[in-house]
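Here is the structure we will look at, set down as structure tokens.
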Amino acid sequence: MNTRVLPLYATLLICIIAYAACVFQFPAMFSTRVAGNLLTDNAFLGIAAVGMTFVILSGGIDLSVGSVIAFTGVLLAVLITRYGVHPLIAFAIALLITTVFGAGMGAIIHYLEVPAFIVTLAGMFLARGLCFVMTTDSIPIDHEFYAMLQGLFYRLPGGGRLTFIGLLMMVVFIIGIVMAHFSKFGSYVYAVGGNRTSAELMGVPVARTTIGIYAMSGFLSGLAGIVFSLYTSAGYSLAAVGVELDTIAAVVIGGTLLTGGVGYVAGTFIGVIIQGIIQTYIVFDGTLSSWWTKIVVGVLLFSFIALQRILVFLSLKRTTATSGG
Amino acid sequence: MSRLNTAALTKAMPQLLSLMLILFLNYLAFPGFFEIRLQDGRLFGSLIDVLNRGAPVIILAIGMTAVIASRGVDLSVGAVMAISGALAATMTVSGYPVPIVILAALGAGLLCGLWNGILVAYFDLQPIVATLILMVAGRGIAQLITEGSIVTFNEPGLIFFGTGSFAGIPMPILIAALLLTLAIAVVRRTALGLLIESIGINRSASSYAGLNSKLLLLVIYAFCGVCAALAGIIIAADIRGADANNAGLWLELDAILAVVVGGTSLFGGRFSILMSALGAVIIQAMNTGILLSGFPPEYNLILKALVIIVILLAQSFSSLGGWAFLKGEFRSKGANRQ
Amino acid sequence: MTDKPGLLTVEGICKSFIGFKALDGVDFTVRSGEIHALLGENGAGKSTLIKVLTGVHQPDSGVIKIDGQAVNVRDTQHAQNLGIGTVYQEVNLLPNMSVADNLFIGRQPMRFGFVNRKLMEERARELLAQYDLHLDVASDLSRYSVAVQQLVAIARAVDMSGRVLVLDEPTASLDRHETEILFAILRQLRARGLGIVFITHFLDQVYEICDRVTILRNGKLAGCALTAELPKIELVSLMLGRTLAIATHNTRRDRPVPAIRQFSFKGLGRSRSIAPFDLDIGEGEVIGMAGLLGSGRTETAKILFGIETADTGHVHIDGNPALIRTPQAAVACGFGLCPEDRKSDGIIGDLSVRENISLALQAQRGWFNRLSGREQTVLADKFVKALDIRTTDIEKPVKFLSGGNQQKVILARWLATNPRFLILDEPTRGIDVGAHAEIIALINRLCDDGMALLVISSEIEEIVAYSTRVVVLRDRAHRGELSGDEITASNILGMIAAEPEGASA
Amino acid sequence: ADLTVGFSQIGSESGWRAAETSVSKIEAKKRGIDLKIADAQQKQENQIKAIRGFIAQGVDAIFIAPVVATGWDTVLAEAKEAKIPVILLDRTIETTNDDLYLTAVTSDTVHEGKVAGEWLAKAVAGKDCKVVELQGTVGSSPAINRKKGFEEGIASASNIKITRSQTGDFTRSKGKEVMEGFLKAESGGKNICALYAHNDDMAVGAIQAIKEAGLKPGKDILVVSVDAVPDIFTAMSEGEANATVELTPNMAGPAFDALKAFKDSGKAPPKWIQTESKLYTQADDPKKVYEEKKGLGY
């Protein structure tokens, strides 16, 4: 077995164990409702996390994700309710802006050799600041097209819903997986994350790849923003604060290394679901105060990572033992 | 010696120019910016505010510099600040004497730092993840200590750390300056500076050279935790209360920003604690300037983003050899004129 | 000399790095269908010339012509498009990606717009089979040793070179078998009309395969001639600017083997990496360690030095039991190790030469007992002189030094600690003839001073030259020991080759 | 317990919020109701998840303290479909369909600001007065509304002007820092006649800044704020703060009553149950109020 995929299997195993443990304590968690909710509620997070996976695989980081989601939401709300733009056109405008925004950050990161952390931090401030300048109010979006999209869902047996945005997330993940492993761009991303100098010497178009990665992250953040606005039917400048950390956590729990070059998009999906399970568990428990919620989230985060490491360690040892004989 | 100083000065050029520019803009926004007077035996003025408000971030940046130089990052400093502040406040309210309170708060920071250090050095977790755990849980612990409320205290001994002064200089500035000199002295007078840089650049090679990189990492994170605790005490003392919900919130980003603005690479290696402190001052000067400017608060973040971008452009311009280029231009022009 | 047209020509190339002229008006021509050796001391500018040719660096002045057409090579990608395949000196591959990815990145076979992994892996297997490498091409490159990685890099470059193939010290960590294979392939390529640039410090190889040589000295062109017309002595003096007596015959073996063995390792082993072995070594001894690639020599060194902990066995020093589970413990016992992979385990790239040299001594003295700047300078100056490290000054970041000089810096780092037992893993890798002789002399001097040495090397002659005893490894186990008059190249080869197929399985 | 209620609380970003949570628990206990609280850590998405979770668990009613006014329609429609009544606490929502929730128990944040403004207009009684304002978090609805209400309250008094307005993020330390800036920018504070803070915490921080600048809060600079947390009463009793407008932390009590009545008799409560925005001044025996409020978990 290839040792690279071990963290992925470990994460999957942990995810299943965690869900089983939850169901054991709260049998109601074993329902299509909860499963459907996991997809719907984490749709925007998942979509943004796909972009973040590529960024992190390339050895970078994108802190602007949450702000860009909020920015998209506010922009859509303003365009649709104030200027009467059709949502589809508003979507296109928003995606264009966020993609260019991401590409711009990528260009600064590559050509000016400024660390991604700082560039995207400035991007985070800028996007959030632009929200405030557009409007500080939260604007509800009331449009039949929105209502139509929200009404699109497949009713699962047991009352659960497979919603449009939940499905969209799955599609984005599938595209992400294919791109990462079966496209030239994907291999360039891994190459840049593995070793930038080597990649350059091997003739990988590093500039184009870097800009492409951040453009893609911008695009997906924009898409996540659209999903978020569908999710809440509103634009709000304080929305999605700190989502970048949630996405980073999802990516990392999914087994991707922040140093770049190692990881799987599929792992990120499991990471997102694990985070969703933690949230759902806390809601079902319902006795945790604000602070215990934080502590429990921290402890669970730690146990997942620790368990993952232990599993990888053990299985490495096992393969070692068998092939060593 | 003087050649070394001028070399250091040219290296610090973009930062110094940025600071000067920001101070000048502040002056334009508010002509009384440079006025300093004595108020109740304590220096008083906007410039003092910049340093006084900047002190916690300076202290954080000192610890963070070491962490970043070792090719790590510590996201938990804000939460650690909240913990130490909460502990100090609740212990004071329960009547413990000030020295014990301070020691306990610093001890809590040390413990947090050790926890991070163990995860990073011995369990080989990625620093950002390892410290993310404490970032999330730590604030919860702080809130657990205060039970979600703001614990107000009136112990003059503790308050002194936030609003007291010595020889006219506010305590936070004094503490930050003291820590800064101490840290620089330790780094310069011992081999720690070299060794930290060494593990930051190439940990494997450092281990091959016989360096105990695990222990060193542990010490670095522990130190960063203590710095955060110190900053937490100052912030709590300043408002005479521990606000576990908000103390140090997002300050980890400011600290990291300060270090990077100061020129230390996030990829580890060469570092300068003094420059990080300068970075913290630049950030605070910008924040104070925004407050004084009278712009509506909706513009705060945009202004902040623009300033950061300008500083970074200046920095990368100089690191890509821009200054030398300009100087060359300038010289050759001067030569032409002669 | 103008019988064949120049395929790749450079004229008057100059390249400076901040205040240092690395190349100074160099002319150089590779013709179609020739293997052209580029020679020179460490730091002469060979690698820099290659980097200028392939678009890594832009020249300050001078022209590059391909087929007589002046071109401006913008970047490495451009160079590849021009049909130049290159292996740079430090293996530049992507350890996080699979072997197949490394071979085909940027030119993967596509189907329906997607990478056709199956086809790619099949081609990768075929490609590597030519080099007698049978790897799992789907697994990470990082799983394989430096030597394998070097072969992969060569395979990639060869596969990509339409017109010119550039190899910067490709054989530095290859053993005889691999080198033979490589040469066979180079001959085929030559027959196909490629121009091949070959950089090496092994002069025998130059005479074995190269048609012409160009020699650089201190960034300047020192000469260019047909190999057949240039005697070795002359070649060396062109390189060094002085004559050198190449001493290959042995002096050490005549010495009596010391009665007391201060360092004794019994039954040390680690599952999967090396079978338990015994090793005793005394002051003044040089133990040579020979074996094929992957035979477990580096693993032995790592276990001795505490980088990897042994599952079994124990260590005695001066008759007292010692526990060596970390490099610190090893250093405290007076051990030193110059690692094989100098880029990832050796140099601290951004630190200066001075700091790199002081590092091990500093680590040994502890965190608080700092070597002052002056002490460091004295130390560095001493070793820069003693080992003839070519650098503009000791404050230069070590990553800017040429490969061979980096190797010397690491050696200096350990000599500075004045170790009792020094392990050298491929110490002469990438070191020029002059320095090579110096290092061998140094090894001899060191054991005269009572140091115990363990030297791992792929060069059998070298081992024969200085060893008092030789340990031969095969298939991750110590298979035998030679001493005294038994130490001959053919004996060693015989032991290595006892089971030739085992190593590359 | 005969009733299980799920309460999606915003978080515990302030002392007031902590008090609301603990008062809710006390009120639930009084009535023998099983209260499940899910803390959203200030995030709307977490609140929505929590509501969905409550629906999946099949609680009898859901309380929401919405972090923002918009974006609830879809999830509330799901609750309605599952026939679970929803009651909003301390903030109402913007929706096209009022049937989505049973009732809202809230104060009127615009009104709070207005009360504060009117108090100030009366207090300065026609004298010229420059006011500095410490806003809440940019974009949050109490900040927007309390600003709006205050401006309405002083609209008729042309002598009162807001000269500076900056955000203090609802926190003590930012309140202090921003006030320091205001004091410098308004020539040491001599030009400032009053401070209006969107919550008491910022006011408490600002009071310290005023003192450090050598001025007397409450006299040289009037201090008026909103929330009525215990610490502001201490300041009031020392004459350092002048007035505060109460935002009661007991939103759950009336909500439980309305729910009980609805469950027992099926009688729908009014759509809006407004809590009182009571004004406290130094005349209201602040010491006593402090003692009353101390134990509520602020």
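Letters A, B, C and D mark the chains in the order given here, with residues in each chain numbered from 1 onward.
One rule holds for everything that comes next: contacts are C-beta pairs under 8 Å (C-beta built on N, C-alpha and C of every residue); 3 or more make two chains touch, one makes a residue touch a chain.
This one's a predicted model, so the numbers in the text were calculated from it and none came from an experiment.
Minimum number of contact steps separating chain B from chain D: 1. Set against one another, B-C and A-D show the most C-beta pairs in contact at A-D. Compared with chain D, the chain whose C-alpha mean position is the greatest distance off is C. Computed centre separation for the pair chain C/chain D is 71 angstrom, with centres defined by C-alpha atoms.
Inter-chain centre distance (chain B to chain C, centres taken as mean C-alpha positions): 44 Å.
The centroid of the Cα atoms in chain A and the matching centroid in chain B are 30 Å apart.
Those residues of chain D in touch with two or more other chains are numbered 11-12, 18, 21, 138.
Residue positions 143, 147-148, 297-298, 300 of chain B are each in touch with at least two other chains. Of all residues in chain C, none touches two or more other chains. By the document's touch criterion, interfaces exist between A-B, A-C, A-D, B-C, B-D. The residues of chain A lying in touch with chain D in their complex are 26, 28-29, 31, 33-34, 37, 40-41, 44-45, 131-132, 136-140, 142, 150, 228, 231-242, 276, 279-280, 282-284, 286-291, 293-294. Contacts from chain B toward chain C in the complex involve residues 189-192, 194-195, 197-198, 201-202, 204-212, 216, 269-270. Across the complex, chain C is touched by residues 2-4, 178, 181-184, 186-188, 190-191, 193-195, 197-205, 260-262, 320-321, 323-324 of chain A.
If you check the complex, the residues on chain D that touch chain B are 11-15, 17-19, 21, 135, 138, 164-167, 169-174, 176-178, 180-182, 184-185, 187, 201, 204-205, 208, 212-214, 231, 234, 297-298.
Contact residues of chain D toward chain A in the complex are 6, 9, 11-12, 18, 21, 36-39, 41-46, 48-50, 52-58, 68-74, 94-96, 137-141, 144.
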